[in-house]
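Please read through the structure below; I'll follow up with questions.
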Amino acid sequence: MAKELLKGNEAFAEAAIRAGLDAFFGYPITPSTEFLEHMAKRLPKIGRAFIQAESEVAAINMVYGAACAGKRAMTATSGPGISLMSEGISYIAGTEVPAVIVNVMRGGPGLGNIAPSQGDYYQAIKGGGHGDYFPLVLAPATVQEAIDYIALAFDLAEKYLSVVIVLVDGNMGQMMEPAELPPMQEESKEPPEWAVTGAKDRERNVLTSIYIDPEDEEITNLRILKRWKEAEKNEVRYKEYHMEDPEILVIGFGTAGRVASSAVRDARDEGIAVGLLRPITLAPFPERRLEELCDQVRRILVVEMNTGMMLDDVLKTVKGRVPVEFYGRLGGVTPLPDEILDEIRRVSKNKGEMKGDPRNEWMDRLEKMRMGDA
Amino acid sequence: MAKELLKGNEAFAEAAIRAGLDAFFGYPITPSTEFLEHMAKRLPKIGRAFIQAESEVAAINMVYGAACAGKRAMTATSGPGISLMSEGISYIAGTEVPAVIVNVMRGGPGLGNIAPSQGDYYQAIKGGGHGDYFPLVLAPATVQEAIDYIALAFDLAEKYLSVVIVLVDGNMGQMMEPAELPPMQEESKEPPEWAVTGAKDRERNVLTSIYIDPEDEEITNLRILKRWKEAEKNEVRYKEYHMEDPEILVIGFGTAGRVASSAVRDARDEGIAVGLLRPITLAPFPERRLEELCDQVRRILVVEMNTGMMLDDVLKTVKGRVPVEFYGRLGGVTPLPDEILDEIRRVSKNKGEMKGDPRNEWMDRLEKMRMGDA
Amino acid sequence: MVETKTEVVYQRPESFTDVHTHYCPGCTHGVAHRLVAEVIDEMGLREKTIGVAPVGCSVFAYEYLDMDFVEAAHGRAPAMATGIKRVLPQNTVFTYQGDGDLASIGIAEIMHAAGRGENITVIFINNAIYGMTGGQMAPTTLAEMKTTSSPYGRDVELAGYPLKMAELLAQMEGSGYVVRRSLHDASNIRKAKKAIRLAFEAQERGLGFSLVELLSSCPTNWNMSPQEALDFVREKMVPVFPLGDYKVIPALENLRV
Amino acid sequence: MVETKTEVVYQRPESFTDVHTHYCPGCTHGVAHRLVAEVIDEMGLREKTIGVAPVGCSVFAYEYLDMDFVEAAHGRAPAMATGIKRVLPQNTVFTYQGDGDLASIGIAEIMHAAGRGENITVIFINNAIYGMTGGQMAPTTLAEMKTTSSPYGRDVELAGYPLKMAELLAQMEGSGYVVRRSLHDASNIRKAKKAIRLAFEAQERGLGFSLVELLSSCPTNWNMSPQEALDFVREKMVPVFPLGDYKVIPALENLRV
Amino acid sequence: MAVTGWIEVNELYCKGCGLCVEACPQDVLRLDMEHLTPKGYHPAQMIEETCTGCGICAVVCPDAAITVYRETPQRRSRSTVKRRA
Amino acid sequence: MAVTGWIEVNELYCKGCGLCVEACPQDVLRLDMEHLTPKGYHPAQMIEETCTGCGICAVVCPDAAITVYRETPQRRSRSTVKRRA
Amino acid sequence: MEETSIIISGFGGQGTLFAGQVLAYAAMDNGYEVTWIPSYGPEMRGGTAHCTVIISEALIGSPLVRNPDIVLALNLPSVDKYEPLMPSDGVLIANSSLVNREFEREDIHHLLIPANEIAEDIGMARLANMVMTGAMLKMKPILTVKMVKQALEDHIPERHRKTLPMNFEALDKGVAYAEKEFEKDAA
Amino acid sequence: MEETSIIISGFGGQGTLFAGQVLAYAAMDNGYEVTWIPSYGPEMRGGTAHCTVIISEALIGSPLVRNPDIVLALNLPSVDKYEPLMPSDGVLIANSSLVNREFEREDIHHLLIPANEIAEDIGMARLANMVMTGAMLKMKPILTVKMVKQALEDHIPERHRKTLPMNFEALDKGVAYAEKEFEKDAA
């Protein structure tokens, strides 16, 4: 197929349909709404299930139902919607059925705004819902990547009987880029043997997340954790840019990573030995790769569109072996290449120790900058 | 006042009332329900607001309203309820109004069970809701502590215009212990000047979490982060046991920490040089104190009633300076002193390096144990 | 000259599993379960039926009703059932919900399932209280009724009035069959069973949303003996929650069962 | 011999701020805002009133109505208003909500606020669509009506029937005043204002839950000119959502305003 | 000549709630206070032979613990007569 | 002798939606296509003197952009007469 | 007595939780540290309900134990569950009205007592819990009968106050039965 | 051309987003890498709407820029916002119908064009966007007018296809106006 100019949300939605999506349940919310609108246009025409639910709470529980029936079901929303889905997500995880959830992130907390943000990283990675469960989280950074990883999301969800969250920001959802859609996947795979489809010619199936005896719940928690550990072994994905023996390592995901790639390119032009690691799976996080890089680089700069959430996972992995600095823009502000370039320049000159929270210095810098603005 | 034999949930509730609670909005859920029932008994009699809301979603938004009116408002629930409150909590945090939320944790994920657990640590500390905000989290371990810290919770919430979460497990909520309640606090402090009370003889007040211009949201995010940093400086609280030059450091909060204290006592009787650090503020986490201890101890054992959540914060702080091991019970199982004693014995003998995730070895041990059971 | 023939007048239905239920002695949840099992057996639906259990005392319904089952989040059974029915339209899908589950936390999901005319069946147990959590006020709790969260009796000024779900749901254009019955004695139980039968018939015929509200007892949390509790249903609840057919679409009216 | 006197027949109300609203040209949100401002001025309530803005096109209501205000989560305005009213019973508390906010995601909160007889006033803007998010289907969207999430027209079989909130809420025993009006022409606008006045009067008198449903236009998402949109309200919406008084408790009936 | 019936109470299910006892129109049921079920309840039992097998006890039993049997006399002759008519 | 009125349209608020134009019973309003408001709309304007000051335009205006004035003739004499009666 | 742990276990409705609370009150009122922690939840209906009481002179860490010093088993499942967990020299008292089996452990002190029958004689089946408590106080006098009666007097819910004498009688009957049994053993 | 960034900005409803998409299509169809990213949200109503288009021969990193090479400003706020951000030699084209001020920057190429009037002459006020696009193609021929017309032909929404000729006319009038202006400058 030739490339078309595709709008993120619509492309993701179409990719899901072609990956064999059976049912979409959602509720409109900027900047994810075109996702739902595309489903509304396409699914009824091809006889698959679409409902604009009364709320995100209802939507996720419809997904829960369809998933229990062994079908490929998904929803797409933004931060506030994910918060309302937290209980349902925890139930799906606890019932060990597959589901795919897309979060097109916007500025928060609260109502915040509808501008692109990465402030839902914690919520996605640490699990916004209650109890011990571990969603897989994918963070594509181009429309083409998103198209490819939406299909992967379903495969992973089914392989690990897990919730898979696709985490993009409003830029990704709203932008148009040339990209290629996969062909329509042939439908009607047999329902998995655990699905509820009516107990005909087989033992009945019961799907629940209740284990009233703590001992049973403990075994369940352990089973879920072990599956997660498997994923940690097999499913780590990331992309690297200008990684010719770098002295400085920039780490960023999604749009932040993509913008950083421009800055890194420009910095290389200036002769700064800097490379970029862009995690595509945020959970599992590319820990092993980062550990390797710790032996090569002199300093690390983490760039995010939040107050430093992935930073936690970086620090946990780096274990103080390399100084880590942070640069973040907040509340819906997308950093621009020149800012990040300035940061790279600064970091490449900075030989100082980093003690305490790397965010302390950044907060001062950002504040000065904002004062500058004002 | 003399000590009385008090049931956790009722004691916490009564303590909140005596701390000047103006309004309680909640929804029943085991193991927190007696909290609501006590409020139902007391508040109407003293002319304060009580509503059994139609849901946790409604409850948290009622709290949100009362908090915006400048009143002391709270709710109490358990994991599934917190999940449903996530959006509201994010709104309260984003609006920068004070509120206190008690989570009497039970086994999860999903419906799970009603047995005591600590599986909501991530949800509480990393913020279950969307966007960048940082609740303060208190984890008392005795009925008396809970009584004292409920009052503190309100003061902190108002001081830092923040959500304060009191995180206890079902054991704490259900157990009875002798404890002393504070005297009833005199009511009717003036409403804060930011509260909505009707724009009489003053500029009108508008309270929202919306900052449609990302630049404004960025400043807001920064303001919230800085307040959090302040709390990090001033509000860290913890308790230590048998901390006479320990070689082994056990870290555990809430019931896990309390049970560990028995094990540590017994281990000391056996001549093992082990001490216990029991964080009372989980957020902010006692990082500085832990860093100091890293120079003193040979090995660390983290004990939790979850899959190793506080473990993350410990690892982030320890930065590989001391080997960290983990022991957790899951899904509503409360570890007993003898198990932890065995762990302390094992750890005190173990001289080996710890590489990779400390949970890997624990998982094998736990699994063997469970096989043993079966 | 006389012969006699021995017949089994009544026996435990097929689809009722052979386990002792966790319900309190005399709790009419058991009666409701049994009726559902009987209807499903008589209609031969067991192999195509998917039940949705609520969060409430009937959370373990799947342990007693011997068919495919899922367990929903508190109040969300109608949404979960919708998700299932939309991808398995040929199957029979029903929810079984208490009054806290359906009328309090789950009122949005039930209203909109009815509004969409979701082709599912809902068995709604109205026992005027939260059983599982130990006797708190429900939206259906009667005025002045004492519960652990209305210890001085439900004050309608502060806690509102009992919600009449059958009446409300009957108003939704999407609903095909919405009735209220009671389980307080044998003849009412027989009527309740007929209603449950009609509700499932409605679903089999694709006639839209069907719901049977069943006035039930909670001896434990009402602090009554099982028989006292049934008397309470008859004397106190029926007057507030009148029994009757609130919505029966024509296609069902002259259906004999 | 003749003198003349100059009078101001109409001017912008006090409580309406001096800013250009963000509403689209011809959007009746502006009319509804103005009426609320006029009533609050006439009743002299401004200094004791607390408004609760929804999530929807009217999310910025607080920028135009010059009084204390909070901004609720989507659909939760009635819960937030409840929280405020219960701790400030002497104040006047009202919510302003769209049909997605009130009838879809927020239906649980509005039903229970009415059920509790919460002494608040609700201004409910029914424009049959989701405005802010760009024209998706609302629970009030008419059958066959095309929206961005019902691109082939609302199929009642799959997407359900338009919800009639005034009718539903009037059924709640806790509600004191529940009516539906329209904003499609001058005389209806005048009637709407009277209703808003009565709703606030009800609250001042502690008569329970009051709600005024206002049929409104969304020229932008209906793809119509402002006048076409008003004609659509008159011709298409009024027949489906009949104007009228659905609940007026006696204490209000002979109140003259 | 009276129809006769009898019931069996399954002790695995019976919780001694007494509803069948109250409901029985013939008043032939009692709770057996001498005896406890494995779950610790005093089960229902039939104490008289005048049960008609009406089944009401089973209808009200919340635990489907009762099986009801009925013995119906069949008069061939009369039935034949009937067939003739 | 006819009551006379006039209106003022505040260009800060007017969005040129035209509802007042449609609503005016005297048909004395138009949108000024020659002219744009700071926000880029063609504002309403009064083009004839036959306005009665009925205020309908203001009632329908979604942006409270219209102020309506009315000039009412007052006949002293007759009123005095009235007082006598 | 450094730290004594007691588990009282039976069917829901057998008053196990209340019996534990009475001991806890008695301990507190007499200057001991104490914790009382129940099992809770749906099992409470029909299923088993138990509570753990720890009485100590020092501050109490864990409110839970694996190997309870004393167990009052009001039904069979409780005996099955706790007999293997008892430390040697532990005290296990079982309600023979609902426990139709012998004990297996030789290394613990045990007593079978027909608590239901005794209670029903007194006229209130629900008093089995107090009968067993009485027997315990005889076998392992961690507290005196007087202390426990005082605790009952002071903390019994008002609506049950009228049953106070019957509660006392149940305690005494329990003590008496235990005494008799020992004489037997002695003989 | 290594990488060119274009921002088209104006009131909602002035067709700025569509004009950007047309450029993006033209670029893609002619083998360039391209990104198109809009501003979105409530501002779309009444407020300003703008989009950023980046056209490049290499893979595009950031879809956003601080200092756009080319700006089409359809209203005054857009000029106020972007003029200071332009790099020297940047191209700023403003719609004089709604912009009643002179430019301040000396170091950039700029053009004032009465796009609304021209469009209204053609008979469709909404075509101001195409008029300005035409002018841009003249001042900075990153793409040919032919390419853009082809893109319009291929991608215009069906319901607007009838307006295709008018769109072409608008483009041409834009080009012509720009030409004339330069001759002036030249003269």
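First chain written, first letter: the chains are A, B, C, D, E, F, G and H, and each begins at residue 1.
Just so it is clear, contacts are C-beta pairs under 8 Å (C-beta built on N, C-alpha and C of every residue); 3 or more make two chains touch, one makes a residue touch a chain.
Note that this is a predicted model, so its numbers are computed, not measured.
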- [ ] Could you set chain D aside, keep the rest fixed, and say what connected groups are left?
- [x] one piece
- [ ] Name the chain pair with more contacting C-beta pairs, choosing from A-D and B-D.
- [x] B-D
TODO: Can you check how far apart chain E and chain G are, centre to centre, with Cα atoms defining each centre and the answer in Å?
DONE: 41
- [ ] Would you mind pulling out the distance in Å between where the CA atoms of chain D average out and where those of chain G do?
- [x] 64
Open item on the list: Averaging over Cα atoms per chain, report the distance between chain F and chain G in Å.
Closed with: 89
TODO: Would you pick out the residues of chain D that each touch at least 2 other chains?
DONE: 20, 23-24, 59, 71, 73, 104-105, 107-108, 111-112, 116, 132, 139, 158-159
Task: Residues within chain F bordering two or more other chains - done: 15, 39
Open item on the list: Could you pull out the residues of chain H that touch at least 2 other chains?
Closed with: 41-42, 46
Task: Residues of chain B defined as touching chain G within the complex - done: 3, 5, 30-31, 113-115, 170-171, 174-178, 255, 258-263, 265, 334, 336-338
Open item on the list: Which stretch or stretches of chain C touch chain A in the complex?
Closed with: 46-50, 52-53, 59, 62, 66-73, 76, 79-84, 86-88, 91-92, 108-109, 111-112, 116
Open item on the list: Show me the residue ranges of chain B that touch chain D in the complex, using the header's touch definition.
Closed with: 22-23, 25, 49, 51, 53-55, 57-59, 61-69, 71, 73, 87-88, 91, 95, 196-201, 204-210
Task: List of chain A residues in touch with chain D within their complex - done: 27-30, 33, 36-37, 40-41, 44, 50-52, 54-56, 80, 110-111
Open item on the list: Can you tell me which positions in chain H touch chain A when the two form their complex?
Closed with: 21, 24-25, 28, 33-38, 40-42, 61-67, 155
